[in-house]
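Below, chain A partners chain B and then partners chain C, in two separate complexes.
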Partner chain A sequence: MAVDMTRLFAPRSLALVGASNSFMKWGFIVLANILSGGYKGKIYPVNPRGGKILGLDVYKDLRSIPDEIDVVVVTTPAAGVPGAARQCAAKKVPFMITITAGFSESGDEGKRLEREVAEIVRGSGVRMVGPNTMGIVGTGARLCALMPPVKPQPGAISFVAQSGNIGSQLLGLGQVMGVGFHNFVASGNEGDLRVEDYIEFFGEDEKTRVIMAYIEGVDDGRRFLDVVRRITPRKPVIVFKAGQTRSGARAAVSHTGALAGSRDIYDAAFRQAGVIKVSATDEMLDLARAFAYLPLPKGNRVGIVTWGGGWGVVTADACEDAGLNVVPLPTDVIAKIDSVLPPYWSRGNPVDLVGTLNREAHRVALELIVGCPSIDGIIALGIFGAATFFSELVANASNLSENVPPELVQTYMKEIRREDEKFESTVVTLMDRYNKPIVGATVIRNPQAERDVPRQVLVFSTPEKAARALWRLYEYQRYRESVHRET
Partner chain B sequence: MAVDMTRLFAPRSLALVGASNSFMKWGFIVLANILSGGYKGKIYPVNPRGGKILGLDVYKDLRSIPDEIDVVVVTTPAAGVPGAARQCAAKKVPFMITITAGFSESGDEGKRLEREVAEIVRGSGVRMVGPNTMGIVGTGARLCALMPPVKPQPGAISFVAQSGNIGSQLLGLGQVMGVGFHNFVASGNEGDLRVEDYIEFFGEDEKTRVIMAYIEGVDDGRRFLDVVRRITPRKPVIVFKAGQTRSGARAAVSHTGALAGSRDIYDAAFRQAGVIKVSATDEMLDLARAFAYLPLPKGNRVGIVTWGGGWGVVTADACEDAGLNVVPLPTDVIAKIDSVLPPYWSRGNPVDLVGTLNREAHRVALELIVGCPSIDGIIALGIFGAATFFSELVANASNLSENVPPELVQTYMKEIRREDEKFESTVVTLMDRYNKPIVGATVIRNPQAERDVPRQVLVFSTPEKAARALWRLYEYQRYRESVHRET
Partner chain C sequence: MDATERAGTEEAEKGSRPPAAAVIESALGEGRTTLSEYESKIVLAAYGVPVVEERLCSTAEEARRAAEEIGYPVAVKACSPDITHKTERGLVALGLMLPEGVQAAFENFQRETGWGVSVVVQRMVKGRREFLAGMKRDETFGPCVLFGVGGIMTEVLRDVSFRVAPLTLRDAREMMSEIKSSALLDEFRGAVPVDRGELAAVLLNLGRIGMELPRVREIDINPLVIEKGHPVAVDALMVLGGNS
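And now, the complex of A and B:
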C-alpha cells in the first residue's frame, strides 16, 4: 500500500520549527516563500524566543500550538532535529520536512545523527521528507515550502528529485516554459521516505497524470522497479537517471553516496518496467508536458503542415531521424488542399502552406491532414502563435506611420488575437475528435500559459523536440498495448 | 576573388522600389522595419505615384533620385522586377535585393522571369540578392531590410540562410538568447549571388569572426567546398545541412529545388573541408557564440566546478558522453581547495562547492582549476548569474517583512549585482591569462546581453549543451592543428 501523502502536499495546517526574523536564515526565507506563494492553510512559526515573525504570532514549541498540525517544516541547526522529531511524535504530526543539512552528506557524525532521527521517527507514525531536502511544493494548496524562491503554476505533473538543486531549477524552467506541476518533492538524504515511496503515491494520486523523477541511485532496486511496473500501464513515468558514465557515477558517489549500476543494466530494467527514460535535463519537461496534454498516437505515421518550406525540410529530417514515417498523402487529400492553396504549394507531405496569410486555408489544410486515416500524428509549424508575429509588425508600422489611425491598429490587433485563440481551440477540437496528437513548433514564441485542462496546444521550441516527443508518445503507446495484450 | 559586399551590408544610401503607403504590403512593412531598425544611411522610397510615405519624400523612379545609391530593395509585383533591374543597371547601382516572390519557386512562368532578370543583371555590374529573399541585415549600419520585424543586436557572427523563414527565426531566437550578428542574408532563389559567394565575403570580412550557414543544396558543390576549405583554417564555418534524410530530401526538392546528396557524402566532404556541422537548429546558435567568444581548448580534459552536487553528476555524464575527459585533480590542488571549502566538499572533479554562499571561495576554487596544467577547459555551474537568484529571494522577503528596511534591500541588491559583475570580469581575466575556455551552465537565467567584446562569459541553458560546445571547440582546434602541420 502506498503511503497516503495527501496531507503532506495539501496540509490544512503547517508549523515551521526554526522560524526566524533573521533575513539570511533559511527559517526566514522558507517562511517568506510559503507566504508569498499564497499557501491556503494555517501557518504556525515556532521559535523558543516567541514574538512575531512576518506578522505571524510565534509559538515557543509545537506542543503549545492549539491546533492539529499536518506538516512540520524543520530548519533548526542539525543538533536540534532529534528534539523536533520527538515533538512531532508527541503531537502526532503525520509529516515532518527536514530542510536542515549536516546529516549523512557531511561525514560520520552526520550519519550518526541521521540514524538517530530515523529511529525516533520510525514506528512513531511520523513520516519524514529529508533530511537535507530543499522542500516540497503542492500547488493544490498553493504550498511552496522551498528554499529557492520558485512558484510553479498548477498542472498535471508530479515530480520527485534526488537533487533539490536540479529539481527546483527545473521547476523554475517550467515557469519560463509554461509547464505546470501538481506536486514536487526534493527527497534529500532519504532518511525515511524514499524516491519510490513518492512515486508510489503519485501513481495513486488522481490529480497526477504524469510522473517525473530525477534519480542518482536507489537503495532497493527491486522495490523501485516493482512500484514503477505497477504504475506504467496506467500512467507515464519519466525518469532521468544521472551517474550513468564512469565520471558521472564517481560524482554521484560523492554527492549522494549512490552506487550506480551500469547504463546497460539500468536501460534493460527501465525498458522492462515501461519507464520513459530521458537523457537530457530539458527533455524531461518537454516530454512531461507532451504526456500530460496530448493523446497517444496509434502509429508512427506523421503529417507535417508548415507555413514556410525550410522548416518543412528540417522537420521531415527530424521526423525520419526520430523514427517517424513521413508518409505520402492520398490523392484525394491533395486535390482538396489544391482548392485552398496557391497552385505552387508542395502537393505532398510536408504540406507547405507557401506563406499564405489566409487562416482559413491553414485550418482547412490542417483538418484534412488530421482526418487522414493514414496519418497518426501531426506537427504544425509557424501557424500557432501567429499573433506574436503580426502584432509586432503592426506595432512597428503604427509607431512609424502618421497614416495609420490608432483605432484601426487596436481593432486589428484584437482581431489577430481572436483569430489565434479561435485557431487554437479548433486544434483542440480536432485532437479530441480524431484522438490524434497535434504538436506545434515555433522557434520564437512567448512562453505558453499552461492551463489546467486535459488537452491543449503544445508548441515546442524546435521541430527536433516536437518530433522526438511524438516518437516517445508512440513508443509508450506500443508498450501499453503490449502490456494489455499480455494480461 | 570574393565579391566585395561591404556596401551591400553597410550601404550609405538605399532606395526602395515598390514603397507603399498600404499597411499590409511588403513595400510598407519592409520600409517600416528599415526605419524602426534605426538605419544610419539615407533612404529613398520609390513609387510612380509620388507623394510621401512614412514621412519620407517619394521618388517616381530611380533615375530621378539626386544621389548615388548603394542598394536598391525591390518589392514590386514580379512583372515589375525586370524594369527595376534595368533601372538599377542604368543608375550603376552595385546591389539589388529582390524581395518579390513569384519566380522559380512558383512554376514555369516564374522560372522564365527569373532567367530574364538574371540576364539583365549579368554583365551590367549589378549584383542581386534573391529573388524571393526575406532580405538582409547589416548591424554595422543598423540596417534591417527584412520582411519580419526582427532587430538583431550587433555581434561577431555572419549568417547566410537558404530559407528566409529559418534565418529570420534564428535571428529572433538570437535576440531572446542574447546572440548578436554582424551580417545576415537570406539568399532566396539565388538567381545571381549564391550561398558560397556570401560565405566567401564573410571569410574576408574583418568584423566576422564566425560564419553560420543554413543550406538545403548547393549548385556547384566543388566551388562551395573550395571556398569553405580556404576559410576554415582561419575562421570557423558552422553549417546546418537540411534535407539529409529521404523525407527531408523530398521536401527540399519541393521547397528550393535542391538536389540533396546522401548524408554520408556530405559528411565526408564537410569533414575534409573543416566544416563544423550541426544537426539541430538551436545548436547552430549555441555553437556560433561559443566560437565567437571563447578561446579554443588545447585538449579534451575538463574540470567541473558546481554549486550543487546534482548538476555535477549530470555534467560529468554529459562530458563523458560528449567525448571529454573528466580528469582527476592533482593532490596539491585538492589541498588548496580544502582551505576554502567545508571539509565535506567532493575533494575531486567535479568540484562540488556544497552550496557555499562565499563568493571568494567560488573564485579561489575556479582559479585553481583553471590554472591546473592537466585541465584544458572548464564548465562552471550555478556560480554565474547568482544575482538573479538572490535578488528574487531578497525581493520576496522584503515584500513580506516589516522588519526589512527598504534602504537595506537596495544596498543589498546593488551589492549582489556588483559581486556578480566582479565575478564575471574575473572569469574573463582568467580566460585571457590561461587561454582556456570557461563556460557556464544555468538552467534558469535571464537572457544575456551580448556585448561587442572578443571574450565574454557564456552561460548555456543546460550542461549538456555546454559539454557539447566544449567538445566541438576542441575538435576544431585539432582540425586547425592538422591543417597547419600539413602546410
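And now, the complex of A and C:
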C-alpha cells in the first residue's frame, strides 16, 4: 500500500516550526519562498518568542494553533527536532518536513539523533520527509517549501531527488527548458520516507504522468525493484543514478563476485524494473518532457524532414545507430511532395527541403510524412523554432543596412513569430490526428523564445539527441507491449 | 552425455548424492567458507543444474576403477575445499587415456600437496565453448545471477550480464543476448546452436539457489561447457557465509 501523500504535496494548512525574522536564517528564507510562491493554503509560523514574521501572526507552539495542520516544516537547530516531532505527534499532524541538517550525514551523534526522531514519528503515525531535505514542491497547491528560490511551473512530471542540489538545479533548468512539474521532493537522509515510497505514491497519483528520480543509492533494493516494476507498465519512470562504481568486491573469492560491481547490479535491476535510465541531467528533462507530452511510436520506422542535406545524413546515421529504421518513402508520397518542392529535392527519406524558405511547403511535406502509414515517428530539422533563425537574419540585416526601416523590421519579426505559431499548432494537430511523435532539432536555440512554445513541441539542440529521444520512446512502447503480452 | 547428468535432481532424489542442505551444513560445521568442487556440484545437481559425471576417490585403486566405469578419456583433479587455483599448481590432468595415467596423476597430486588429497575422476567433456554462470549476494539487491564468457579469459574480457534473482525466463533470455559474444550461442564453427532453454534453466536455478539457500554467498560455474549444444557444469565453486 502506497502512503497517501496527497496532503503532503497539497496541504490545506502548513506550520513552520523555527520561523524567524532574521533574514539569513532558513526559518525566514523558506517562509519567504512559500509566500512568494503564492501558496494557496493557510500558513502558521511557530516560534516561542511570538510576535509577527513577514506580516503573519506567530504561534508559540503547535498546540496553540486553533486549526488542523496537514504539514509541519521544521527549520530549528537539530537538538530541537525531537521536540518538534513530539509536538507533531501530539497534534496528529500527518506530515513533517525536516529541513534541519546535522543528522546521519554528520557523524555518530547525528545518527543517534536521527534514530531518535525516526522512532518518535514511527510510533505516532506522523510521516517525515528528511531530515536534511531541501524541501518539497506541490504545484497543485502552489506550494514551494524549498530552501533555494526556484519556482517550477505546473506540469505532469513528479520528481524525487536524493540530492537537494541536483533536484533544485533540475527544477531551475526545467524553468528554462519549459518543463513543468506536479510534485517535487528532496528526500534528504530518508530517516522515515524513502525514495521508493515517493515513487510508489507518484505511481498512484493521477496528476503525475511521468516519474523522475535522481538516485545515489537505495536501502532496500528488492522493495525498490518491486515498487518500480509495478508502475512502469503504466507510467514511465526515468532514473538518473549517480555515484556508480564499476569494480566488484575486492575481497571476492569467485569470478562472479569480482565481476559484479554495484553499477552492474543497479543496471540489471533497472532493466528488470523497466526503468528508463539516463546518464545526464539535461537528458533527463528532455526525456521527461517527451514522455509527458508525446504519443509513443508504434514501431521503429522514422521519417526525417530536413531543411538541409548534411543534417539529414547525420540524423539518418544517428537513427540507425540508435536502432531506428529510416525507411524508403512510398511512390505516391514522393509524387505529392514533388508538387510543393523544387524539382531537385532529395526524392526520398530523409526529405531534404533544399533550403526553401516557403513555410507552406514545410508544412505540406511534414503532413505527408506524418500521414504515411509506413512511418511511426518523425524528426524535423531546422523547421521547428525557425523564428529564432529568421529573427537573427532580420536583425543582422537591419544592423548592417541603414536602408531597413525599423517599422519594417518590427513587421517582419511579428510575421515570423506568427508563422512559427502556425507551424507549432500544425505539429500539435498532426500528432493528435495521427498519434505519432514529431520531434525537432534546430540551428539556433533561444530558451527565452522557447518558453512560449507549446510543451508538445520538442526542440533538441542536436539531431542525435532527437534521434535518441525517439528511440527511448519506442523502447518504452516495446517494453510496455511485452509486459502486457506476458500478463 | 548420459541421462543421469542432465537430470541432476533425479539422481539426488535416488540418494546417490547427499542432499544439498546436508553438504552445506556439514561444511559450515567444520568451520569452512568454501565447498570443494565435488560438493559444489552436489548442490548444483540437487537444483537441476547439469553437471559432469564424476567420482570422488581417495585411493589410486578407486580412481582407476572410477575411470573404468566412466570410460576413457577422463580428467583427474585434486579435490579439496582448501585448494583453489588447481590449474596453476598442476593439480589437474586432462584427457587421460590409460589406467597408468590415472595412477600417475593420483601419485603426483599426493607429492605436490604433501598430504592425502582426494581426487575427482571426471568424464572429459567435449566442447570448445566455455561460459561462466554464477550467483552473488549483492548488499543492496540480494541474490543476483551472472552469465558471460567463461574460461581463463573471463576477467580480461568482462563480457557478462546480470539479473536480480528470482529470474523470469525473459530475464534469462535477455542475459544471453546482452553479452557482446552472444553469437557464440548460435551455430559456431560447425557446432550446433546452444539449447537456450537448457541454458535459461541453469540461470533460473542459480537464482533459486540464491533465494532458497541463504548460506551460499557466491557461486561460480566456470567453465560451463557447451557439449553438442547442451550446457554442462565442468568446474564449480561455492563460497559460504552471509545470513543464517
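By our rule, the second predicted complex is superposed on the first by the 437 of 487 C-alpha atoms of A that agree within 3 Å, B and C clash if a C-alpha of one lies under 4 Å from a C-alpha of the other, contacts with A are read in each partner's own complex, and residues count from 1 in each chain.
Throughout what follows, a residue touches a chain if its C-beta (ideal position, glycine included) is under 8 Å from a C-beta of that chain, and two chains touch if they have at least 3 such contacts.
This one's a predicted model, so the numbers in the text were calculated from it and none came from an experiment.
Engineer: When both complexes are superposed, which of chain B and chain C contacts more residues belonging to chain A?
Structural biologist: Tallying touched residues of chain A, the top partner is B.
Engineer: Let me test your reading of the model: by the given contact rule, A:Ala32 touches which partner, first (chain B), second (chain C), both or neither?
Structural biologist: first
Engineer: Touching A:Thr256, do we find chain B (first), chain C (second), both, or neither?
Structural biologist: In the superposed model, A:Thr256 contacts both chain B and chain C.
Engineer: Between chain B (first) and chain C (second), which, if any, makes contact with A:Asp264: first, second, both or neither?
Structural biologist: A:Asp264: touches chain C, not chain B.
Engineer: After the superposition on A, what does A:Pro236 contact: first (chain B), second (chain C), both or neither?
Structural biologist: A:Pro236 contacts neither chain B nor chain C.
Engineer: Which partner does A:Pro297 reach: the first (chain B), the second (chain C), both, or neither?
Structural biologist: Once the two structures are laid over each other on A, A:Pro297 reaches no partner at all.
Engineer: Have a look at where A:Gly138 lands relative to chain B and chain C in the superposition and call it first, second, both or neither.
Structural biologist: Once the two structures are laid over each other on A, A:Gly138 reaches no partner at all.
Engineer: Where on chain A do chain B and chain C both make contact?
Structural biologist: 252, 254-256
Engineer: Can you tell me which positions in chain A touch chain C when the two form their complex?
Structural biologist: Those residues of chain A that touch chain C are 217-222, 225, 252-260, 262, 264-269, 271-272, 482, 486.
Engineer: Along chain C, where are the residues that touch chain A in the complex?
Structural biologist: 33-34, 84, 132, 134-136, 138, 140-142, 144, 146, 148, 154-155, 158, 160-164, 170-171, 174, 218-220, 222, 237, 239
Engineer: Would you tell me which residues of chain B are touching chain A in their complex?
Structural biologist: That would be residues 21, 23, 28-29, 32-33, 35-36, 54-55, 101, 105-107, 110, 148-149, 161-166, 169-170, 172-173, 175-176, 214, 216, 242-248, 250-252, 254-256, 280-282, 304, 307-317, 319-321, 326, 342-344, 346-348, 350, 352, 355, 382, 389, 392-393, 396-397, 399-404, 442-444, 461-464 of chain B.
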